[in-house]
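The letters A, B, C, D and E name the chains in turn, as written, and every chain counts its residues from 1.
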Amino acid sequence: MDIGKIIGTVVATRKDPSLIGTRLLMIQPLDESGESIGTPLVAVDTQGVAGYGDVIYMVTGGDAVSVLPSRRMPVDVAIVGIVDSITLSHAKHGDE
Amino acid sequence: MDIGKIIGTVVATRKDPSLIGTRLLMIQPLDESGESIGTPLVAVDTQGVAGYGDVIYMVTGGDAVSVLPSRRMPVDVAIVGIVDSITLSHAKHGDE
Amino acid sequence: MDIGKIIGTVVATRKDPSLIGTRLLMIQPLDESGESIGTPLVAVDTQGVAGYGDVIYMVTGGDAVSVLPSRRMPVDVAIVGIVDSITLSHAKHGDE
Amino acid sequence: MDIGKIIGTVVATRKDPSLIGTRLLMIQPLDESGESIGTPLVAVDTQGVAGYGDVIYMVTGGDAVSVLPSRRMPVDVAIVGIVDSITLSHAKHGDE
Amino acid sequence: MDIGKIIGTVVATRKDPSLIGTRLLMIQPLDESGESIGTPLVAVDTQGVAGYGDVIYMVTGGDAVSVLPSRRMPVDVAIVGIVDSITLSHAKHGDE
């Protein structure tokens, strides 16, 4: 799973019928220290509780549909939880 | 899901029989500000309403087939909606 | 789907039994203008009509198997059509 | 499969119900020599025995769910083993 | 499919029970000319005949499991054949 931050919303009135009523959020991926990495993407908010600035974790690919009401929904990124905190140990940079 | 813009069409007369009648569009991926990122790819237009210059969002991988008439179609990118607008919040660059 | 050009063939006599009789081609991925991008990969030619220099489009991942005789074949890139032409519109670089 | 090192833990109280009781670990991907590569990601520890600093190997994508109690859990990276040692041959850099 | 060379072995005594008895090899991905590209990864040798220095081709993602004894094994890269030779045509760099 990857970590990201909610930075916006996407409005799309013409879409696949299975997506009607789905909330689409723009997510900025973050690294383990909360720094932005890569390009924002669009995710479905399956919990319905995420808000602007929340740090969330998301699943991508075929696994995203496992939290949706229907497995036939065309969704490849889904928010599955809101991150409260990340604890890093000291030996984090691969030194063994 | 990723966001992109329709920049062209692909004509292919010799193809897998399951793809006959399918409309293939060339898509330029965009970031959240509408800037081009990465390399254009070929997507299937399942809604049939997208036109040149439209900003769309698409699903990739195994999820793309969920909007197709047949799950046996060899398609890994499908357009699932047309973006009307994207609203970004102010705290977008990972500053917490 | 991605676009590529056939640049070679791969011979492999020791392989998974399900792959016996399968034609393996080396593909150079291309961008929308026909320029090479990234690293060549090995694809299965399901149509059996592709030849050296042909521009083809291919599917990757789990969707590749949908055009194969058996879903149990270990194939993750399949050629699904031969590109006749690509038409690009003028407003192609994300300028809106 | 990819190799990584456990560098931290993630706490998330609000999440998809199927994930309750799941242990989420922050993993730094490593190369074959134990050097860090790329961005840390979040994985589920299915063996329950991994600890800080352990070198593990993990599966990603749809295959991650095959080791989970339920195939409907939204997980795309799972730890499937702990690496004891990696032995490299001399001819490792593609010189043939 | 991608091409790679066997550069080492991975020993892991604590792992998912479904992986017991599985041979894990460290693979260096190669380009079409036999040059190393990217980071080595861990693959399962399903043919049991690959040795140090062999050039192999492998499948990734959900397709890897199709050659395994059990579809519930958490494996996302599998060796499916040993490359005897690669023949490249002259017009290989996208010049049309």
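Note that a contact is a pair of C-beta atoms (placed from the backbone, for glycine too) under 8 Å apart; a residue touches a chain by one contact, two chains touch by 3 or more.
Predicted model only: the values in this text are computed from it and were never measured.
**Student:** Which is the least count of steps on a path of touching chains running from subunit D to subunit E?
**Tutor:** The distance in steps between these two chains is 1.
**Student:** What's the distance between the Cα centroids of subunit A and subunit B, rounded to whole Å?
**Tutor:** 19
**Student:** Between subunit B and subunit E, what is the separation of their C-alpha centroids in Å?
**Tutor:** Each chain reduced to its C-alpha mean, subunit B and subunit E end up 31 Å apart.
**Student:** Which residues of subunit C are in contact with two or more other chains?
**Tutor:** Where subunit C meets two or more other chains at a single residue, that happens at 61-62, 64.
**Student:** Considering only which chains touch which, label the overall pattern as line, ring, star, complete or other.
**Tutor:** Graph shape, chains as nodes and touching pairs as edges: a ring.
**Student:** List the ring in order: which chains come, beginning at subunit D and going next to subunit E?
**Tutor:** Following the ring from subunit D in the direction of subunit E gives D, E, C, B, A.
**Student:** Note which residues of subunit E are touching subunit C in the complex, please.
**Tutor:** Interface residues on subunit E, with respect to subunit C: 1-3, 31-32, 37, 46-47, 49, 57, 59-64, 66-67, 78, 80-89, 91-94, 96.
**Student:** Would you pull the subunit D residues touching subunit A in the complex into a rising list?
**Tutor:** 5-16, 18-19, 24, 26, 28, 30, 34-36, 39-43, 52-53, 55, 61-62, 64-65, 71-77
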